[in-house]
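Structures are listed in the sections that come next.
Note that chain A is present in both complexes that follow, paired respectively with chain B and with chain C.
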Partner chain A sequence: MGRTRKFLTALTVGLLGSALLSGCGAEDQRNTVTMWTYPIITDPAADRAFWERTVEGFRAEHPDINVDVVSRPWDDRDASLTMALMAGKGPDLAYLIPDQVGRYYDQDLLSPIEDYLPERTLTDYRDNALDAVTMDGKPYVAPILMAALAGSCDTRVLADAGVEPPETWDELLAIAPKLKRAGYYATYYQGDLDTSLNMNFYQFLWQAGGKVFSEDGRSLAVDSPAGVQALRFLKKLVDNGYVERSALTQAYQPDQSPMARGEVACVYNQAPLDVGNAMGSTEHIQIAPPLTEQVQAAYGVVGGYGVFQDARDPAAVRAWLSYLTSTEVMSDYNRTAGYFSPRESVTNLYPDDPMMSEAEKYLDRTIPGEPNPRFQEVVNILAPLVQAVLLGQRTPEDALAEAASQAEPILRS
Partner chain B sequence: MTTETFAPRGLGKVAIHVVAVLCAFVTAFPLYAMVILSFKQQGSIEFPASLVPWDFSTEAFQAIFTSPEIWRWMINTAIYAVVSVVLILLLSAMAGYAFAKKRFRGREVMFWSLVSMLMVPYHITLIPLFILIARSGGIDTYWGLILPGLANVQAIFLMRQFIKGIPDELLEAARVDGCNDWTIFWRIVLPLCKPILATLGIFVFLWHWNDFLWPLLVGQSPEMRTLTTGIASLQAEQVPLPQVFAGAVLAFVPIFVAYLVGQRYVTENAVAAGIKG
Partner chain C sequence: MTTVDTRDRGSRDGDARQGNARKRRISRGGWIGLAFVLPVFVLFLAFRFGPALGGVLLSFANYTVGGSLEWKGLLNYQRLIADPGFWNALRVTLVYALISVPLTIVAATGLALLTRRAFRGARLYRSVFFLPVVTSLILAGVVFTWIFSVDGPWSSILESVGFPVTNWLESSTFALPAVALVGVWTRFGYGVLIMLAKLQEVPKELEEAALMDGAGPWQRFRRIVLPELRPAIFFLIVIETTFSFQAFDTIYVMTSGGPVDATYTLVFSLYRESFANFDFGYAGAIGVVLFVLTLIVALIQRIVFGKES
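What follows is the complex of A and B.
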């Protein structure tokens, strides 16, 4: 009895003590910038080293400003960010991609980036990078990285089958039977519902000359001849066994993918370094141009930092963001992370790497998504319908018409 | 009156053994695969070649233990899980005792109102709960992490059902011997609840050890992360399969140890439930 009471007392005192001690840590938020980022640099040691040297470099110029870079997990990132912002405990700025911009803009959480960046930086951005983060004529994210999902072809597969990398849909369909006979898939289509449509259906839609949203963003434009054409092309790839069928439903696991087994000729829905990661090395990757039907287009993410309206010290955030998007830091960041710079003046980041140098040429051909506040809701409607078409459960016309009708009230709300 | 006993003989006995062995294999195989594959190098996994117990590599575990803060995260997880288990068991046993054995106005209404909370999805209460904790200064604190989970309705329900089964005569006898409520609870009720406390303790420990979303929301600074959120903060969007299994092994080991410790009581509980049933 006595021992139990002592234990309970100790436990209560311990908990209260920890609560009180944690309360003592309340800091003055002036001159402090808190930024949330994610494991974009995939090597944790390199990630830590990059942020340490970057903050150190910034502090050398601005000794009066503290910067707290918090690396957060990818999982549940929108839930944790939104809730932290709603509770007034969010960061001053955070890493965002175009798919997220519309949602935070719609909730009135983001500040226009023009207020935080010098004019010389804003005018130096590639048009497609800035367009992807622009809502109602104003950019809301300061882009720091870009990717180009040009074709990544396995030279061993091409040589074994005796084919050249395709440049158009017709050329892909022409070499596919030969590849199949040699035991290879012509390309790779990841169609599970967790994969962003940017990385599968949308890029074929763009290549066919279509768009996801109408000009005013208030209706769906996929229900079009281009949409039908894209789905028919993809269906042909599936029905003829030119892509791995199980990837239509199974989650992507790079080390278990057919690329890891050396079974795919050319991949268009992964960045070259990611394909290399799946294959175990980039040694056998040859960069091919993005495919063309009506338009030569590829998906390429644009990532950057958005400033929230509740930023505690806007002047400090301005100084930090200007430093972060400077040509020197942007070069260092992209070289470390394996991406490209969205600034036109920062090019040729990989002079000794023919694969990356070749991929960089296609940055202007990339479409980093179509920003819309209802982007995710539309994906939730469209993705299962696209999957149903490819599994043979719906016709392209029927699926796209249903998507348009389901999305209409959401987009008009 | 004759008593019939079921005692399989001959072929029946063999069949039962075969089925038992098959069930054991089906149960144990995923655990075996998880451990073996966590010690494989990154690369394509082939069946059955990848499941042979050689060519071991600690690459996946090294990738997980790369952060210097990993031990801090482990301590945070242990504090979160152990303190939660102790407090939830204590509070739910107290509440269960009150709902099962004490008579007071509104007891049933209060109990069933509490139970009806089980039907409210967690995500609906998550936002207001987080805002409440955040505005009370609970971000990046142990109490912010632990406090919201203490009123565990499932645990209260289970404790109440178990304590209801304790004969009232036993408690009356204790009262006649001069015990007050506190003594009856500590000396009579709680020791009798050991089997259900052990079972519940394992489950509560499991929920907290593997919890992700709440620690993610409350533990914003690297120093306040738990193992699940800390490891996730190091991982790229696409994680190789051996690393996924290595993470699963890390999550599994403490639960396994907790089960081994409480195994006797869990078995007793299962047997008791079987007898009552």
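What follows is the complex of A and C.
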């Protein structure tokens, strides 16, 4: 009897203790903002230092709000984020890019950021940055960084082959044979199925004056003369050996890429710093303008933080996001990460770096993608067909017609 | 008579009492046994059966990340039947299994036969054969991507015997055999282990008698060893088929499902539909098809294995 009483007493104390602890937790959560971010600042020590000083700066202004910045790995980020959200253990806000915005919006997960940002910040964003995260007239991500994938040319290759950086498709095709004779590729095309079409086919489509989606987003506009023209141009690059063929199917490995071997003249699908990482240094990089056919256009990612509808303390999130997108923090963040600011008032971040200063000039020429709830499904249909064209298994006309036919029921659903 | 009756009755009563006591003991022992099994049973229900059942239910619905559930009946299955991508993924999965399962079993049997006898370094060989099973699949994928590249050893071997040098992973024809070969490499070590265990049961006298009667190595293998190995082979067929249906990691690293969907398996399709497209209901339907396929193979094995026993 005595033993039973002791057991029951211990059980009651345990349960009460748990209840009290969970009560304390609930109290804490009301003043805590949880944010998921990724290794955008690639140096872990610099990343940790940035978030420590940023949270410290915020807490100096808002001592009653705790901020929990959770650094997650890039791998399987959608899988881990959706699993956490489904389990009710998701963050209040997370780093998102335009490719993701449509899908998360379609799942009714995001809140419009108009509710979270001051008017002066919203009106200060570059149009292309805000358009890329806008669904049905409302932006759903607070952009914090931008990239411009202008041309990154290897000056050693250009000098050795005796050519100038091209500005148009015709100029690229004109210098390509000379580069090939000298043992170099004219450019680099990463065409494996894991690479976003933004970083390969779409930018050539945009340069040809085409679009991926129709105006209302309910049909595929890629099946067009511009789409065919873009694919024929790329096919010409592949068939003539002006790009490395194995990159059409193999995943990107920076240290094994032809850039690392100093074999490519100009790269248009990577940010200059990424090209520099593959080459071992940015010393020999010369920035060239984005290519032009009908339109001068380049891809450039816009990254920012989206607020989930289940945010536990919207007022605290509002305070944190306003601080995070302030001109001071945005300058610090982009300088540390090697990106550019999506705010028009935050410019000239790299006055002592001619390469970055030159790249910054092309921010307004970048297209950060075409947001659509079915973006990823269309990529899944289109990417293998584009690959089939470049491997010589389909014609451009046939592949694009097939893509439009497969995408139609998905886009209309 | 009376005495006898009484004794008999007494004896029967005694038996009955003993029987009841045994029943009580069995009953008590049974409860204790159940108590021991209970944690595993609860874990099985929570982490195996529950999610599997949830997956089946999901296949009849549309489910959003936000938690809203809308019943759709057989709509996801109708979509599946009309989806050429699904049929391609099913074909790729079956071809992958048809290549990898027989090769894995042949390799496992051959290597087990070679290392069954005690000789200097036999244990080392057996350990080395098992190494791929415990090697990271991602790492294996990266290494084999290089092996199959134009500059890799595979191309050199092909070139030395007069074949043209091509990157198999770039070819829609050869990419699937290439990833299936990697599947064989990652799995044959487990098969060797099973086969070696089974080979210990082959009666040595039978083999010696056959040898005395002039039977050659092939005849001894075919008439004596192979019949003894049959249960192990059927077991490996089921296990390896199940694994081959779930192939993902090396394919993800080596080809991302390409080129042009040449290595796009059902698990790849399931992953993409759920975590890229957020179409969890449709992914659930793919999962059910995968489950049914695996179940059919397991049932066939059970029927065949049952007859063998």
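Note that in this section the second predicted complex is superposed on the first by the 386 of 413 C-alpha atoms of A that agree within 3 Å, B and C clash if a C-alpha of one lies under 4 Å from a C-alpha of the other, contacts with A are read in each partner's own complex, and residues count from 1 in each chain.
The rule is simple: contacts are C-beta pairs under 8 Å (C-beta built on N, C-alpha and C of every residue); 3 or more make two chains touch, one makes a residue touch a chain.
Because the structure is predicted, anything quoted here is derived from the model rather than measured.
When both complexes are overlaid on chain A, the residue A:261 reaches chain B alone and has no touch with chain C.
In the superposed pair of complexes, A:252 makes contact with chain B only, with no contact to chain C. After overlaying the two complexes on the shared chain, residue contacts for A:86 are found with chain B and with chain C alike. Residue contacts after overlaying the shared chain place A:171 against neither chain B nor chain C. Residue contacts after overlaying the shared chain place A:280 against chain B, while chain C stays out of touching range.
When both complexes are overlaid on chain A, the residue A:39 reaches chain B alone and has no touch with chain C. More residues of chain A are touched by B (comparison of chain B with chain C). In the overlay built on the shared chain, the residue A:76 is in contact with chain B and with chain C.
Once both structures are placed on chain A, chain A residues 76, 79, 86 are touched by chain B and, in the other complex, by chain C.
Touching chain A in their complex are the following residues of chain B: 42-45, 66-67, 83, 86-87, 90, 126-127, 130-131, 134-135, 137, 139-144, 146, 186-187, 212-213, 216-217, 220-222, 229, 232-238, 240-242. Those residues of chain A that touch chain B in the shared complex are 1, 4, 8, 11, 15, 18-19, 22-23, 25-26, 39, 42, 44-45, 70-76, 79-80, 83-84, 86-89, 252-256, 260-261, 274, 277, 280. Residues 76, 78-79, 82, 85-86, 103-104, 106-109, 192-194, 245-246, 248-251, 309, 376-377, 380, 384-385, 387-388, 391, 393, 406 of chain A are the ones touching chain C in the complex.
Across the complex, chain A is touched by residues 64-68, 84, 145, 149-150, 167, 169-170, 172, 175, 253, 255-261, 264, 272, 274-279 of chain C.
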